[in-house]
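Note that subunit A is present in both complexes that follow, paired respectively with subunit B and with subunit C.
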Partner chain A sequence: MKNCRFKLGVSRSNPLIPWLFLSPLLIVNILVILGPGVGSVYFALTKWSGLGAAEFIGLANFARMLEDPVYHKALTNNVKWTIIFLTVPIAMSLVAAYLLSAVKKGQLVFRLAFFLPYVLPSVVNAHIWQTLFHPFRGIGAQLRKAGYPFLDLKFFGDTNIVLYSIAFVDNWHWWGFLVVVFLAAMQGIDPSLYEAARIDGANRFAQFRYITIPGIRPTLVFMMLMTTIWSFLVFDYIYILTQGGPANASEVLGTYAYKLAFTRFEAGYAAAVGVTMSIITGMIVSLFLYLRRRGWEI
Partner chain B sequence: MLPKRLLMLMSVAVVLACCGQIASAQVTLTLWSELTMDVHRDYYVNEVVAGFERENPDIKIEVSFKEDLNQALRTAMQAGAGPDIVYTPGPSFALEYVLADMLLPLDHYAELMNWSEKISGWALDLGRVDGKLYSLPLELEAMVLFYNKTLFEEMGWAPPQTLEEMEAIAEAAFEMGIIPFAHGNNDWRPANEWHVGVFLNHYAGPKAVKAALKGEKPWTDEEFVEAIAMLNEYMQRGWFSQGVGNYYSLRGEDRWSMLASGEAAMIIEGSWAMSSAGEYFGPKAGTDTEWDWVPVPVFREGVEAPLYTIGMGSTISINARSPYPDEAAKFIDYLFADRQRAARWIYDQGAIFNNPLPFEPTDFPADMEERWARFVSDLAAAVSGGNYGYTTWTFWPPRSDVYIYEGIESVWSGELSPNDYLANLDAIFREEIADGKIPPIPD
Partner chain C sequence: MLLNYVVLTLLLCFSLGPLLILGFNSLKGNLEIGRNPLGPPRQVRWSNYPEAWIRGSFATTLSNSLIITSGTIVGVLLIAGLAAYALSRLEFRGTPVIMFYLLVAGSLPFQLFLVPLFFLWHRLGLVNTRIGLIIIYWAIFSPFATLLLRSYMMALPRELDDAARVDGANEWQVFSRVVLPASTPGFLTVGLVSGLSSWNEFLFSLTFLHDSSLKTVITSYYAFVDRFSVNWGLTAAGGVMMILPIIVIFLLLQRKFIEGFASGGLKA
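This part shows the complex of A and B:
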């Protein structure tokens, strides 16, 4: 033991040792994140097909974005997506986690049931809902045949509802994950607070409002922050279900950048779109850090 | 004993070294393919590639199948790597690699191996950029009209030869609750361009399309506007899967199941579907129906019939960085050298192995599936006569092509008029002309 303590003492005194341990990760990060990241910023200033030499064009790609209706639509859809995911799944999962926290027997079954869609691959989830929403064989079509046509909608074919239909599918897999996260956070709240509140006559809603929410605030705010960031990076469900269509009604920045780079051979413009995505998410993270420094308990 | 053992060991070492030398004399070529179905992949490796290796024991080919060839290839080629034998998804993709100096000019091999005698002239033209040959097209495909033969016989409908006949069937079917055309794009959004291409070519005519592709006339000319208006009218009438909402929701398997079950009467799709149509029809698929095909009728007087709007599913080239260009050229030559061998590949696997060779009916085995044989020989005759249309994914540059299939959805949704749609297309097309991005157009 003495020998061991001695070695630990040496490692603490040598500032290079921690860097040595971190260096593999650092090298990987420089190679796969920082390098391509800096490269993207450069290519955003070029006209480049993705092959051969790039032609420097300054800020022309960003100027083009200002007049690009598809970019505007995609950005708007990202904002809508963010609003949806900051409200619907958060509210659903908070309520479900709170109710579930009072369940003593069989809680695990519910947790598993809620969590299961999250572990299924997005392709599988998407296919399930494509089948359920099929215009000729899905739920809506069957109800229509039975005389109840209220659900006979073209979920992935109607430009007015397609974004919300995809958000519904994504939320179906996502909200269960939030339930488990919030439930774990709620279990860290001191039970005596609820007991005191009950003695003071607080009902379940008041307990939720004044004990649960403040008690899980760091987790809640963190998940909201991550939800915002992920909402600007969303890609998989939209690409699988509609590829951004119809008529760009479900286009988001991620799908648009992908198509620009890999089908239109406009890798320079795609990089510029990607840079704006990074700027937006960077601004969100900066705002979060700023508020923390200002003393917000988040 | 020791010297004897040493002698033996030395002998073994010499033999092994010789073997090694023999082994090292064998060249290994890399090849990336985008074939997606297992049955096609197995055939390609076990019949096409293995056949070549048997004839050329000094050359081995390592085949890798890529789910997204374009993406994988682009990354590799840009990094200075990539396979020796370069397949691309079509001439417009090959052009991007040519412009980046990543493909080897093939003129030397074309002369050496006499390709002008073996390969159709128009197909060679498709691979020429600024007078130099860089690629050879593969997978000759054409848009055709598939129909449920059993349903047609029951209804007393003759396979349509003219627009009037096709529209009469569509109207009758629609009134009976049968979907006239089982179209949809849920699994492949670019499916939109199949229809845009067919309507442009079959209404405006291939001469007008060719002139526009050469930049000699704008896409906003009246005949193109009318063609897109006609396509939009078909969609708005509900002839495509009973409406645009269904169209966006249906996948390939849905469409073909509906055709096989008689829920739908017709499909306008590429000849590649002949390879898989059998999965949906007949006892094996649990139906008692049969399919057949006819050329898509022309949509306007003055446009010559039969008209096949043709495309190429892929191209083949040699990586400019390949250390074995001669061996790679041998493999390319193998694909085109023997018409009867190539005909056998079509016989075994269908239209997806249809290389652009001047086939004659006698090239095919006598018991060739009649629908395939008819397609290959009719198409070869029509194309050699010069009457063919131009599919958008083969002859349009990339940005224009993507706009064609994405922008048409704005026409169907009412956000754009056919005229505005074509004006936008024309503006993008002019930019691509200026950038030298127009794929070769055969003369």
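This part shows the complex of A and C:
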């Protein structure tokens, strides 16, 4: 009865009321994200310095991308970044969360410690590792002085390893977030499943493989999807540590688009790069939804 | 079980060790850092702190960050609270479209809208103003905040607001007197997440605030590290001053933090 009266009440009320409640959200989002986002699609088709008039040039910016070695380098680095972040932090955090889920004493302390770097500002985290990876004073140099020169590397200066060094730093701040997410998911698994497995003689690895992983599967797949999306949008740690250098060795699409727009004043081309980033993100999400619709259990 | 603790302790050292070294270095002079860059200080030098405070103009930048963060929190709570109420309590046709937008907004690359946004802000005279940056934060943090508050409000029993409506309350009164007070924990979580996100934000504050008197503590520290790159004692002391308040708040409100950020991954 009550429910019925409630519905009547709403239908009688002014249909503008929901829009009134939504208007602040819509106004700021149209102003900041949607409007400029649509604008980018237009500017991607122009030659534009960022200020002044934009000259329409059709698809020339996209044709230029096909020939642009820096764009290729950046895209390749985004793919490498995705592969790194789909494996290293996910493996680390799954192991840590699994070990942590079995621990009663001190669980909170470990959880807080792993999570802490995630809430700290990127500029400070990056600076800490700038000092730890310093070629003359960092960990590598100290080990060399002690007679173990295996880590004596120019972490942020060597074009062969710079991307991996930055990924290491980003991962240092990121993996603890995954621990907390996976631990919460693991705590939702019915404990009687583990008991039954133990009675059947399953060891801890078998329990992890056949109970834990299937038990947190929705969370795991969702985090892998988000990891893939975020890997194509990465900006902060790379820009702070190397600005994409040396010699574009750590360039990704995010840093490249930013520098094109704000230091090289090629805003039209930068917008085109931004549009391709959105297309890639959209394709990842569509692929995910397609596979799910095809009946993949993800 | 012992193996668990051994592995977990190693991982704990990996997470906290670098922060500890930052603390050590903040108390060393430059000469000592050259000889002993990783260990605890042999001669404690507190003067790095006041020196970093002054040279890094922390008084100015901290107050900028405080203004921007509080403005962001108030605005996001208001914008997202109103929107979440409409999406959870008022039935209308637009809901699926807006929900779809909110989900998509979280995975859009900033580079898609950054350039035209800068152009637009330049035209409107909002570049190099705190309010200009605050409005951007309202827009980029409100989609997630709305989703989180909506799921919170969906879980509230409807009997309360039905009763208020029967008593003749209009939607604004139901929102402000019934749903809002009952959602306080949700608002706290959202305030915390958007507050920390705006405090730590780098890309937009780098792009939209150039004047050194307007910079946030984050972008100012970025320039500070660049300028004093040889004086690690000073840059480390600055770093400690930046992270210490976050660590204190984190430890005080750890449950809210973890709930808010972990749900960011799950519900967004």
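One rule holds in what follows: the second predicted complex is superposed on the first by the 278 of 298 C-alpha atoms of A that agree within 3 Å, B and C clash if a C-alpha of one lies under 4 Å from a C-alpha of the other, contacts with A are read in each partner's own complex, and residues count from 1 in each chain.
Definition applied: a residue touches a chain if its C-beta (ideal position, glycine included) is under 8 Å from a C-beta of that chain, and two chains touch if they have at least 3 such contacts.
As the structure is a computational prediction, the values presented were derived from the model and not from experiment.
Superposition of the two complexes onto subunit A shows a clash between subunit B and subunit C.
Note on subunit A: of its two partners subunit C and subunit B, the one contacting more of its residues is C. When both complexes are overlaid on chain A, the residue A:F156 reaches subunit B alone and has no touch with subunit C.
When both complexes are overlaid on chain A, the residue A:A91 reaches neither subunit B nor subunit C.
Of the two partner chains placed by superposition, subunit B and subunit C are both touched by A:F262. Contacts of A:G50 after superposition: both subunit B and subunit C are touched. Judged by the touch definition given at the top, the superposed model places A:H134 against both subunit B and subunit C.
Legend: residue contacts after superposition of the two complexes on their common chain; A:A63 is shown touching neither subunit B nor subunit C. Comparing the listed stretches 7-15, 43-51 or 61-69 of subunit B against subunit C after superposition, the clashing one is 61-69. Once the two complexes are overlaid on chain A, the subunit A residues touched by subunit B in the first and by subunit C in the second are 50-51, 130, 134, 262.
Listed in rising order, the residues of subunit A touching subunit B in the complex are 49-53, 130, 133-136, 154-159, 162, 242-249, 259, 262-266. Every residue of subunit A that touches subunit C in the complex is listed here, in rising order: 2-3, 5-7, 9-10, 13, 15, 17-19, 21-22, 24-25, 28-29, 31-33, 35-37, 39-40, 43, 50-51, 92, 95-96, 99-100, 102-103, 106, 108-124, 127-132, 134, 137-139, 142, 172, 176-177, 180-181, 184, 219, 222-223, 226, 229, 232-233, 235-236, 239-240, 253-254, 257-258, 261-262, 267, 270-271, 273-275, 277-278, 281, 285. By the touch rule above, subunit B contacts subunit A in their complex via residues 68, 70-71, 74, 77-78, 96-97, 99-102, 185-186, 189, 243-251, 254, 258, 263, 398-399, 402, 406, 409-410, 412-413, 415. Partner subunit A is touched in their complex by these residues of subunit C: 1, 4-5, 7-8, 11-12, 14-16, 18-19, 21-22, 25, 33-34, 37-38, 78-80, 82-83, 85-87, 90-92, 94, 98, 101, 105, 107-120, 122, 135-136, 138-140, 142-143, 146, 158-159, 162, 165-166, 171, 175, 196, 199-200, 202-203, 207, 218-219, 221-222, 225, 232, 235-236, 239, 242-243, 246-247, 250-251, 254, 257-258, 261-262, 265-266, 268.
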